[in-house]
Amino acid sequence: MLEFKNVTKQYRSGMFGTHLTKAVDDVSFCVGENERLGLLGESGCGKSTIAQLAMKLLKPSKGSIEYNGKNIKHMSRSEMKNYRKNVQIIFQNPQQVFNPRMKFRETISEPVRIYNLASSPEEEKKIISEHMEMFGLPEELFDRYPQEISGGQAQRIAIMRILMLKPEIIIADEPTTMLDVSVQAQILELLKEVMDKNNITLIFVSHDLDVVRAMCKRIMVIKDGQVVEQGSVDDIFDRPENEYTRMLVDSLKE
Amino acid sequence: MKKGIKSRFFSRRRSLFTIGIICSVIIAFFTIIGPFIWNADPTATDYANQCLPPSGEHWFGTDNNGRDVFTRVISGAHLSIGVALAVVGIGAAIGITVGIVAGFAGGAVDTILMRIVEIMLSFPGIIFALAVLGTLGNGTEHQIIALAAVRWAHYARLVRIETISVMNSEYLPASRAIGNSKLRIVFRYILPNIIGRVIVIATLSIGPVILAGASLSYLGLGAQIPSPEWGLMINGGKEYIRQAPWITVAPGIAAVFTAFSFNLLGEGIGDLIDPRLKEKAEVD
Amino acid sequence: MSGEPVIKTEDLSVEFQVGNGSVKALHDINVSIYDGEVLCLLGESGSGKSVFGNSILRLHPDNALVKGKIFFNGQEITALSDKEFLPLRGAQLAWVPQSAASSLNPLKSIGKQVDEVYRLHVENDKKKARENTIDLFRLLGLPRLPELADDYPHELSGGMKQRVLVAMGTSAFPKFIVVDEPTKGLDAVRKREVIKRIGHMQKTHKSTMLLITHDVAVAESLANDIGVMYAGEIVEYGSKDEVLNSPKHPYTRGLINALPQNGFHAIKGFSPSASDMPTGCKFNPRCPECTQECIDGHPKLIISESEKHVARCYHA
Amino acid sequence: MAQFIIKRIIYGIIVIIGVSFLSFIVLSLAPGDDAVTILTHTFIGFDDQIYQQDVNTVTNLYSLDRPLVMQYGSWLGNAIKGDWGVSYVHNLPVWQMILGKIPYTLTLGITAFGIAFVISVPIGLYVATHRNGVVDHVSRIITIFFGSIPSFWLALVLILIFSVKLHWLPITGMGSVRHVILPCVTLMVGMIPSTLRITRSSMSEVMGQDYMVTAKSKGLTERQSVYRHALVNTLPPVITMAGLEVGHILGGSVIVETIFVWPGIGKLLYDSIISKDYPMMQGCIVTIAIGYIVSMLVVDIVTAAIDPRIRLGGGRN
């Protein structure tokens, strides 16, 4: 479904703009139907950049990203809209991801309006309240601003909003790093349940091995923008070939 | 009860705003209702009682042409304030558009627009006014164009800074990811988050614009002789400063008081929306 | 567990004046930390653990009201005036802040900022101060010494900034250090690194430490005693092994089961915000073993010589 | 860092050229024929009859009939070589006259700014650390009041009080220090509000930062943590504002210099407006623009020197 072909993303910096840093260096992989792919690596290894490249929030310096065979760079407006509907992202800082001046009533109804999923206001209300119950969110959240709610609730709203679009792929960019342990468990449980019920493909970006092990079937280990190893969860945890992966896995077991 | 009123109106955050409102109401009274009460014709000359000192009958005395200074100041008020509000309105409209486009588009567009803004900012306003008034002829409409032509750059620069801070926020990429169109992002995400600051900037600039308008007229570039424009009156009274200082002083006080109340209003609004002033309890 | 405790608190509570109401952040905390030992306050955001750390060093904003007593080496420091308290802060009582990213002065080199503490409280000698700083950096495993000392905060990664703050806190060899969330926002590898270094530092200097964290792994590897905090109260208190291996309070059990390695069994509901606090036992809306008793009464937490491992719950 | 400065210099040059081109267009729009102006000023008296053929000879002499862009091109070519054209009125090279005037404007402007800076920065710092005290509210009201006074009116009032009524100070002219006082005070009053407001807001923002709590936790007294940590962080925005104010000195004092007959660039500009001396006006405008750009550049350099994040760019670790 989604394929990266030798994608590179580099930044110019330094005194005269001569110094090149490669955030993502010649990465290629593809994600099929209903797959659970984990991107594992230390902070600053470029895994978040890959997520943003896939969401077309960043443009690749080299290589291409294709969705169902079509390069997302040359997509027309309507194709792009469809791409946005099918490929959604969960960000790391739930509270900072919402417009501070917009009450949740509007933030939640935004996806419905953009993709006009509801023919009439009543239908829109129905969809929204359905989803609110499913996610256990109280109605009184509607009149709240992002700063007024907890991280856990904000992340739930983010996932609910995405689910309304019934996407094919969800990219989770370290969704639980900023959350407390117990809240993290709730969100991951919720995410797993949503994935299984609507058989959505997941690309899970994280630096936490336990979380990745619990959520994903296939894992790609990333170091300094390069994929150093790729394989199923068991291969990576029990029989790591690459010595960087071994170091990463051992440091967990200590 | 006292605590109620005190805290509601004069609490730390609201005091400037309240005083600003009170002064603005006074000005509004004089500007709108004033001309009906003191309805003597501000331009009619009456050589019988020239240069009378301020008295019960002529609060601000009379000028060298025997006209009642107080009436002229009142009728001049809606001229100066009207010009200022028009200039701020037009200038802000252009400035906000340019500022948002520059901040939102970034790259080459931003660089070009900002160079134009810098050119306008480093260009002495007086010259621009001269050229505009010179070619189009004097008069208040042209004075508005002359002032607005310079003022918009001031707003554009500040709005661009605010827009860029919104562009660098975390919720902006999220708004693009969910699929918002560019237009929707500008109106639903950028504008609501900068409008607070923009209102403060605009209100704080009304005072200076009034003064700029008065300076233009003072230099003979704005309104022309008979009209009761404050700058003109101050210039007119210059020669008589020894024997009839009130001719110059009175319109000046009116200009200062008007500018002062708009500045108070601007600072007051600034305090209201300033997040730092809200008491917070960091409970972690 | 010998002799006079370095830090002892009696019925410590903290309230914040907000608008015309007040928000209770901390209620009657009674703890004692003994010389050379580490008490770890384990709790989630909003539990008031950082508020406790701040109140020991009086770092609260001015709208905070601190009630109750805090003893440092037997002396009641809450009774001291600000002037009398000043010599203690930084010299005897040190603090390692939570958000490393914004807790360093961006315009000064990290070396200077750490030297400052040594020169203020130990000896105002530039060379000695810098030597002490470099030793501390080496102890904390920072690379590229000594040039790194002249670098600026924006040039360092999150983990490195965190270790600079730890160095800053310990450079005047204080008797007691409050370390607030040393591993927040760090990835697994850097977290392990910081934990190892803090443990090593604590053992070599035998410093008494209050460790504040939401991460059970940190508590497990560094703490002697653990106090689990929830909604401004200590709900369980005891030695590390007792609390982690045989937790008495349902919330502690929930916390441990929610860990990834224990299979992500989440606690249902959300932790209450300070403004709408539930009545009775604060955990009752989320507690699986909740009875009518829990809703009406408010269970006490009594730490005594005989009973070391206690929990604030009727069914403990 | 160097890349940052070079970019700023290039932008500065572009802006100066832009300003000169804009002023060229703007001045050509202004009423009146250049040739007539030259005739009236240099050759014959004001009210004498001007003959058409005289106008034509002058027009070809100064080649005034060429299209605008060509005229601008030749002006720019000469300007770069240092020849800014000749003043219609005084028949002296423009840049020579401007050079003569610059010291006057600078002495007036710099002293006024210096005093304003020395007054408003300490007050701003004090007020930011003692927020909402009496001093805070009083100083805010006064600064807002100072910001609402038109400079030309203030000048007249000062003259009225100190010269007309009290005879302490001379109204116009040059020479002793007493001549400088009134124009200086007028300018200074205009500069205090912006500097004080920026100092106050920048300082109070810095006081709210986390590293100030860290400073407190190190055992520094209130005073020590302000001097060692807060001050340096407050400087960048204050310096930027100072740069803006200095930048406006050259252009801003047209009115004050006119009223107090102070022979600076402002007065020169005003006189050239009245006598439609276009080359001189063009020269003054470009000088003022250069002054503005140079002060902006100095601000960028000083800010980069203070703030390592700009100076060093990305991190090495």
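Points to keep in mind about this one:
For reference, chains read A, B, C and D in written order, and residue numbers begin at 1 within each chain.
Methods note: a contact is a pair of C-beta atoms (placed from the backbone, for glycine too) under 8 Å apart; a residue touches a chain by one contact, two chains touch by 3 or more.
Just so you know, these numbers come straight off a predicted model, no measurement behind them.
Note on connectivity: the fewest steps through touching chains from chain A to chain C is 1.
The chain with its CA mean position farthest from that of chain B is C. Between C-D and B-D, more C-beta contact pairs are found at B-D. Between the CA-based centres of chain C and chain D the separation comes to 54 Å, rounded to the whole angstrom. Separating the CA-averaged centres of chain B and chain C is a span of 52 Å. Averaging C-alpha coordinates per chain places the centre of chain B 21 Å away from that of chain D.
Inter-chain centre distance (chain A to chain B, centres taken as mean C-alpha positions): 48 Å. Residue positions of chain A touching 2 or more other chains: none.
In chain C, the residues that reach two or more other chains under the touch definition are 45-46, 157. Taken residue by residue, chain B touches two or more other chains at no position, since every residue touches fewer. Put simply, chain A touches chain B in their complex at residues 52, 55, 57, 81, 84-85, 88-89, 91, 93, 96-102, 110-111, 114-115, 161.
The residues of chain D lying in touch with chain B in their complex are 11, 14-15, 18-19, 22-23, 26-27, 29-31, 132, 137, 140, 144-145, 147-153, 156-157, 159-160, 164, 204-205, 208, 247, 251, 254-255, 258, 269-270, 273, 281, 284-285, 288-289, 292-293.
Listed in rising order, the residues of chain C touching chain D in the complex are 57, 59, 86-91, 94-95, 97, 99, 102-108, 116-117, 120-121, 143-144, 148, 151-152, 154-157, 160, 165, 168. Residues 44-46, 157-158, 185-190, 192, 214-216, 254-255, 258-261, 263-268, 270-271, 273 of chain C are the ones touching chain A in the complex.
Within the complex, the chain D residues that touch chain C are 209-211, 213-221, 228-229, 232-233, 306-309, 312, 315-317.
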